[in-house]
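There are structures below to look over.
Look at the two complexes coming up: chain A is in both, with chain B in one and chain C in the other.
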Partner chain A sequence: MDILSLFIIVPIITILVLVFTKNLKQARVVSMLGSVVQLVMAINLVFAYFNERVVNDNIMVFTKDVVWFEHFNIHYNIGVDGISVALLLLTAIVVLAGIFISWKMYDLPKEFFMSLIVLSVGVYGFFISIDLFTMFVFFEIAVIPMYLLIGIWGSGPKEYSAMKLTLMLMGASAILLVGILGIYFNSNADGGALTFNILEIAQVNIPYEAQKLFFPLTFIGFAVIGALFPFHTWSPDGHASAPTAVSMLHAGVLMKLGGYGVFRVAMYLLPLGAIDWSWVFIILSVIGVVYGAFSAIRQTDLKYINAYSSVSHLGLVLFALLMLNKTAWNGAILQSLSHGFMTALFFALIGMIYERTHTRDISKLGGLLKVIPFISVIYVIAGLASLGLPGFSGFVAEMNIFVGAFQQKDTFMRVATIFSISVIVITAVYILRVVGIMLMGPVKNEAFLKLKKVTWYERFGILLLLIPIVGIGVAPLWLSDMILESLDPFIKGLL
Partner chain B sequence: MDFSSFLLMRHEIILLAIILLLVVAEVSIANNKKNSIVHLAIFLFGIHTIIGFLKMNYGNLFGGMFHTNELIQFFKNILNIGVLILLLQSGDWIEEKILQQQRGTEFFILIFSSLLGVYFMISAGDFVMFYLGLELSTLPLAALAAYDITKRLSSESGIKLILSAALASGASLFGISLLYATTGSIYFAEISEAITANNLTILGFVFFFAGLGFKISLVPFHFWTADVYEGAPVSIATYLSVISKGAAVFILMILLFTVLKPLMAIWENIIYVIAIITMFVGNLFALRQQNMKRFLAFSSIAQAGFILLGLITGNQLGSATVVYFVLIYVFSNLAAFGVVQAISLQTGKENMKDYEGLYRTNPNLSLVMMLALFSLAGIPPLAGFFGKFFLFTAAASKGYYLLVFLAVVNVTISLYYYLLVVRAMFLRKNENAIPYFKSKIYMRLGLLITAVGILFIGLYSPLYNYIHELSKSFFN
Partner chain C sequence: MNITYIILIPIIPFVIFLFLGVFYKRIKPAVSGYVGVFGLLASAILSFYAAYQYFFVHGKVDGVYQTFLKKSVWMNFTDTLHIDMGILIDPISVMMLVVVSVVSLMVHIYSRGYMKGDEGYTKFFAFLGLFTFSMYGLVLATNLFQIYIFWELVGVSSYLLIGYYYTKTSAIAAAKKAFIVTRFADFGFLIGIMIIGYYTGTFDFETLNNPEGSAIMNWAATSFMGLSVITWALIFIFIGGAGKSAMFPLHIWLPDAMEGPTPVSALIHAATMVVAGVFLVARLFPMFYFVEDGFVLKIVAYVGAFSALFAAIIAITQTDIKRVLAFSTMSQLGYMMLALGVSGYEGHEGVGYMASMFHLFTHAMFKALLFLGAGSVIHAVHSNYLKDMGGLRRYMPITNITFLIAALAIAGVPPLAGFWSKDEILVAAYEHNKLIYYVGLFVAGLTAFYMFRLYFSIFWRKDTSYEKKPKESPLSMTFPLLVLAVLSVVSGFIPFSEFVTADKAGFEAHLNYPLAVIATTVGIIGIILAWIFYKKENNLSDKYARDFGPLYKWACDKFYFDEIYMFVTKKILFKRVSAPIAKFDKQVVDGTMNGIGNKTVLISQKIKGIQSGKVQDYAFAFVVGIVVIALVFIYLWTN
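What follows is the complex of A and B.
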């Protein structure tokens, strides 16, 4: 069995075992074991990747190619480059942390963990696919469990949020389908056979007219899940209603599919379209960046603050991708990773705070630093990482993005860059505002004095997420090396 | 002509033999032992289904009136499997409700006769055989729709079906006669050579198409669908939406792709427009339905609209994807109707509201229903996704990107109402949820087969390859 297919097979085995579990205890242990195996595999993959890179300079390594539907030339074709390896590691960590955080999921535990792991199958499969069809299949597999996860285990207006989220994301994937078919039927432009293989299509000169037509479809299809303004509206509601682990997975991992898909499919395969259309999407992503940050300032619900902050941060990812140079792209991938860990950490902490105080309204909270110091300190750290303090992952990412963005010389790009840089200040405002109101000051409620201690599994989940945030912040070079060398094929299409 | 050439009609002969056997059984089995008829019928039909897969010869009979080939045999087998699952799912209903009224055997005889008609229809080599098959397949259905004699709605649906079916057959026959007038033949092979696009043939085609459109319940020939489905017993609604529709799609495909191919420039446009309105009307009307049978009726109208995306291509890729889609549709729809049948039989409830909280009391039924609905909505890795994706690919291969775009918009709309049912079953909590019950073995077997089919048909690619090869040999 090859090293990558295991990323799909192990979770499927986990799901099959879960079918036979009887109660919460069994279910959580099984899912934890499955996810630990995944994490070990992901770490192993990083080392294996570095070793393989020395001897193998193909675009994708560890490839495996099995013909699936021969008449459509659909293959089960998998492989990884530096970008996907990094994102696989992110996924493995966030999933395991999510399972620790849902250690006490009393309502239908088996079904909860099964849906969660189905979602992770979709994400793993998406990141390792080279074939557009397979990629699309995994994309939809990742989205649909969200409906049940939010709808059954969520809170607040969960039915509304779940429906809105599912319809918007599936609607986007429907548009994406048209884009993919458009790419597929132009993949023989140079006289070859029709193919779904991304690497082969990238070699083909797809006609300019087709690129211009299908780029926006493909871009929007992916970017909706990456919270592109004005298609981001599913995200705040969805995050707010979802249970903790689902918010973590969703903001931490699922939204990364957007950026990755935009990069790997829309921009890589349709570079002329990307150049043509970039101004539209730059405007939209800058609006998203600034608008998300300003909205976060005005929210009082912790989850909404974090959700809008995600819109802003991921807007930055799309913005960086559209800057069309390697430094900015490197920043975009790093930002994806950094935001993945950070926002998952935030949602975990918010879940823990909510479980103890039964409110997410910051005006009702206060002085938490005195009563739950562990959670509060980590919250501050996550906040500092989010506003881009040097020493944390956020700084490395944003530094790369803005340095890359300033390499673009024309006025329009400059203005857009300046607008998006302003977000650094606004982020500081909404992070520090929350820290000030919620953590500092006197304890607002007598009941807060008797909050329960942080349990071992919660600590474990938190630490899992904290380590990479600090790790990337302190020693980013190995990661950006891994990413940078994978960016070469992408830039070739644009030259 | 020697006797062995009759073996080309193996499906038809065996089914006829089963019908006659059942007549004998009816008179020879005592009234208090009539439930053995149910077992007998299902057993015999099971054997028939298996025999259907054995290798056989292909060719023409009766001077080309009847012809058969590998694709047709395969399609008959799909229908057989569908009917077998349908019988499994309705076995309990017949034992519990119908046998007391002494009408168990007739049910099987009628349904088999209708299937016999379907066989003749898809094997037809000329318009006379086609018309005979069409009538034979429709008339027993009117009797079956009115089978629930204790319900007024059932009789009403029987009347509605027979009246509108008669009108549709009339239109079809008129169209055929016009085609005969212009081409001077009723044989498919001769018509395809003689036909040219003049006003009279186009008029004939339109009438003919309207008649078949009625059976497939394309908009605007769909008005009978919801009412009839609602009133008819669940088994019959299932038969109408799965078997009857599937067969009509198949014969329409054969006619369009071979006999009427010279008119392609005309029917392309007609199908383009009808596909769009069928999808939109089916989906938009399904949004507000509360009764599960009406809901599935509109859902199946919308699915018919999707099928047209494959038909519009007029090529072999289109035919392969259509047959593949119909195969998957048979399984998905049978699963959905099966759950409706099980619940309706046990509790008499058929409204979406009654399904609230179902997962907590009947998890397995809810799971099957969810699989079925997700498959109909086209969610991977379930079979429905592959069916839809390939249909859209076929349409896109001809450059119909706008049509595909409208279709995916409709997929999203349809997802909304499929999720409404999932919401009722999984998300809602209900004090008065339908209590736990265990269906009998037939029903469980039927649902199991469909669930397995939904899960694995799509992933198992050799099946598609096989269909692709079959349609290649047929249409090239």
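What follows is the complex of A and C.
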């Protein structure tokens, strides 16, 4: 069995075993074991990738190609480059952390863990696909369990949120499908057969008119899940209603599909379209960056703050992708990773705080540093990471984005760049506002004095997410070089 | 020269930080105090050894101090642009090592007494370790990005330490304000770095500062709005420096930062971190000097001079002793900036640069001493306000004497440290810009006045009857006072012009007697006025305060800058930008999306009649459909 297919097979086996579990205890242990195996595989993949790179300079390594649907030339075609390796690692870590955080999921535990792992199958599959159609199928597999996870295990107006989220993402999928089919039907422009294979399509000169038509469709189709302004509104409501682990997975991993898809499909296959349309999406993404940050200042619900902060941070990812150079792209991928870890950590902490205090309203919280010091200190650290403090992953990512963006020298790009750099100040405002109101200050509520201490599984979940944040922040060279090398084929399409 | 061991100097405090931070709960407070002190002692010894090796043994080749470098790549941006981490050894970095080590060590020792019994004792030492590490990293930085990284880290250490008493609302607000204001300045700094990186292709100080290098030679290559882009970059970088060094109008965070524990104010907000802005300008001095013929240096000089004057006026009116010292710090930082601003480059021309660094050095000693002395007083009377003090000379002899020495030093009375460095600054200003010279001279008088107002009000003036008799502080606190007092006396005799100069070559500095006499006279007049006003209890000061009326009140309220900033941030950004955006998002953007959803539901309700559920209807539709399709097919077939 090749080492990439295992990323799909192991979770499927986990799900099959979960069918036979009887209670929460069994279900969580099975899910945890499955995810630990997954994480070990992901770490192993990083080392294997480095070894393989030495001897193999193909764009994708560890490839496997099985014909799936011959008539339309659809293949189960998988492979990875540095970008997907990094994102697989992110997924494995966030899923495992999510399972630790859901250690006490008493409602329908079996079904909950099953849905969670189905979601992860979609995500893993998406990141390793080379075939557009397979990729799209995995994309849908990842999105659909979301409806159940929010609709059943959520809180507040959960049906509304779940419906809204699903409808908006489905709408985007419909647009995306048109874009993908458009690419497919133009993949014979140089006289070959129609194909869904991304690597083959990249060699084809898709006609300019077609690129111009299908780029925005593909871009928007993917970018909706990456919280592109003004299609981001599913995200705050969705996060607010979702249970903790789902928020973590959703913001940490699922939203990354957007940026990845934009990059791997829209930018890579339709470079002329990208050059043509970039100004529109630069404007939208810069609005998203600044607007998300300003909205976050005004929110009082912790989850809303984090959701808008995600809009801002992921706006930077889209912005960086549109800067069309390697440094900014490297920053975009790093920002995806960094945001994945950070936001998952935030949602995990928010979940812990909510579980103890039964509120997410910051005006009702106060002085938490005194009563739950561990969680609060980690919250401060996560906040500092989020505002781009050196030593944490966010800094590394943002600096790549800004330096990359600065390589574009016309005035429009400069203005856009400076606007996006300004978030380093606005982010500091909303992060420190929360820290000041919620964590510092006198203890507001007598009942808080008796809050439960942090448990071992919560600690595990937190540390799993914190280690990569600090790791990337302190020693970014291996990761950023790994990604940087993989960007060469992408830049070629633009030259 | 072997410089590898110098890496240990920052590493030691970092290890202390990690050790105390991770084992926070398991360490006894006494142990953490010792860990901090002995760790810093090791760093200080290494720093002194490095300074000795550099200045006296290996540093000088053919009469010029050399630069030693050791670095490795930390992250790659492009093939040419990358961030390095490393250490750069040249006169100013070695000098800063000594300053940071001395003050930090003294503050560590002092804190063992001052923070005794505080529940966050270990945390406090951990944060001090973090700060010291970051500050060492900042002064040793080899490139702009490295300095930016440590710049942010000192900023966050400052945030954590200002907010040390985290249950106090005012401390939380002050910490937040300090971080955000300096972050705003760093926004400028970062843009400056980006511009430099893009147009010169490097972040390295070595390459940037080389007077024959391409960065300086080709400064005029590209211009933007009438100025070279490099000039713009330097302006932006100076904004960053001005934020950290509390220059007008980015000074508003510094007085509030006094909410932190007093040893922190001494270390961070008087002696080390706040001079980072001055250090930054000095670090890039060749660029500032050569690009656009020193255009940006003129800005530096005027901003510095104005800040010095502005802060000195406010300092006269403040009644919280730490705030007086904070404004005094701002004023002295302005002094250092103006000295850099009026400096030339080669030989004696560069006296301003030398004087600035000299003043940075001596100021670190006597200002740290003033703060620690103030801390000793606060420790004894449990108040920051002048009204609660008076006559303390009887109870606290050591604090009294050391404070007096520091006050004389800052007032520029010979032969104390401040006299020498301030004299050089005034010489530099006199030679280059008369207006700035007169401002500097006037500020020198004001400094002497407000400092002795402070001194007399604390230690003389009235015999306050204390509920609990104030006691002299313990040895752990008085020992650093004594050490710093000695340094405040002797550090003025260091022949700085031999060691630290803009072109690194060294020159002979002579006392300019006429200027020295004038400056000293002005200082002494200030002291005498303060003596008349504040030595004994009288109503002279109130009377004059009334005579000055509105001016006094404006100064007392810090010229309302806090209010202006509050208006802009709270009323405009928060109420007029942030709130409407949040509302817009909820109602317009989200509303549109919901609207689309609702319209879809409406339409489907309108047309759902088609799906009536009656088999007859379906059969009818089915037949009609078949007929239509058949007709179409037949039509197509026949054509």
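Throughout what follows, the second predicted complex is superposed on the first by the 495 of 495 C-alpha atoms of A that agree within 3 Å, B and C clash if a C-alpha of one lies under 4 Å from a C-alpha of the other, contacts with A are read in each partner's own complex, and residues count from 1 in each chain.
By definition in this document, a residue touches a chain if its C-beta (ideal position, glycine included) is under 8 Å from a C-beta of that chain, and two chains touch if they have at least 3 such contacts.
In this text, all values refer to a predicted model and were calculated from it rather than measured experimentally.
Visitor: Taking the superposition as given, does A:Val137 touch the first partner, chain B, the second, chain C, both, or neither?
Guide: first
Visitor: Among the partners chain B and chain C, which is in contact with a greater number of residues of chain A?
Guide: Counting contacted residues of chain A, the larger count belongs to C.
Visitor: In the superposed arrangement, does A:Arg459 touch chain B (first), chain C (second), both or neither?
Guide: Once the two structures are laid over each other on A, A:Arg459 reaches no partner at all.
Visitor: After lining up the shared chain so the two structures overlap, which partner does A:Lys364 touch, if you call chain B first and chain C second: first, second, both or neither?
Guide: A:Lys364 sits against neither chain B nor chain C.
Visitor: Let me test your reading of the model: by the given contact rule, A:Gln299 touches which partner, first (chain B), second (chain C), both or neither?
Guide: second
Visitor: Return first, second, both or neither, reflecting whether A:Leu167 touches chain B, chain C, both chains, or no partner chain.
Guide: both
Visitor: Applying the touch criterion given at the start, work out whether A:Tyr184 contacts chain B, chain C, both or neither, answering first, second, both or neither.
Guide: Only chain B; A:Tyr184 stays clear of chain C.
Visitor: Would you sort A:Lys444 into first (chain B), second (chain C), both or neither based on which partner it touches?
Guide: In the superposition, A:Lys444 touches no partner, neither chain B nor chain C.
Visitor: After lining up the shared chain so the two structures overlap, which partner does A:Ile421 touch, if you call chain B first and chain C second: first, second, both or neither?
Guide: The second partner, chain C, only.
Visitor: Both chain B and chain C contact which residues of chain A?
Guide: Overlap of chain B and chain C footprints on chain A: residues 167.
Visitor: Give the list of chain B residues in touch with chain A in this complex.
Guide: By the definition above, chain B touches chain A via 317, 320, 374, 379-381, 385, 389-390, 392-393, 396-397, 399, 401, 404-405, 408-409, 411-412, 415-416, 419, 422-423, 426-427, 461, 464-465, 468.
Visitor: Within the complex, which stretch of chain C touches chain A?
Guide: Answer in residue numbers: 73-78, 81, 83, 145, 148-150, 152-153, 156, 159, 163, 166-167, 169, 172-173, 175-176, 179-180, 183-184, 186-187, 190-191, 194-195, 197-198, 574, 577-579, 581-582, 585, 589-590, 592-594, 597.
Visitor: Considering the complex alone, what residue numbers of chain A touch chain B?
Guide: Against chain B, chain A makes touches at 68-72, 133, 136-138, 140-141, 144, 147-148, 151-152, 158-159, 162-163, 166-167, 170-171, 174-175, 177-178, 181-182, 184-185, 213.
Visitor: Which of the residues in chain A end up touching chain C in this complex?
Guide: That would be residues 164, 167-168, 229-234, 237, 291, 294-295, 297-299, 326-327, 367, 369-370, 384, 389-391, 395-396, 399-400, 402-404, 406-407, 409, 417-418, 421-422, 424-425, 428-429, 432-433, 436, 439-442, 476-477, 480-481, 484 of chain A.
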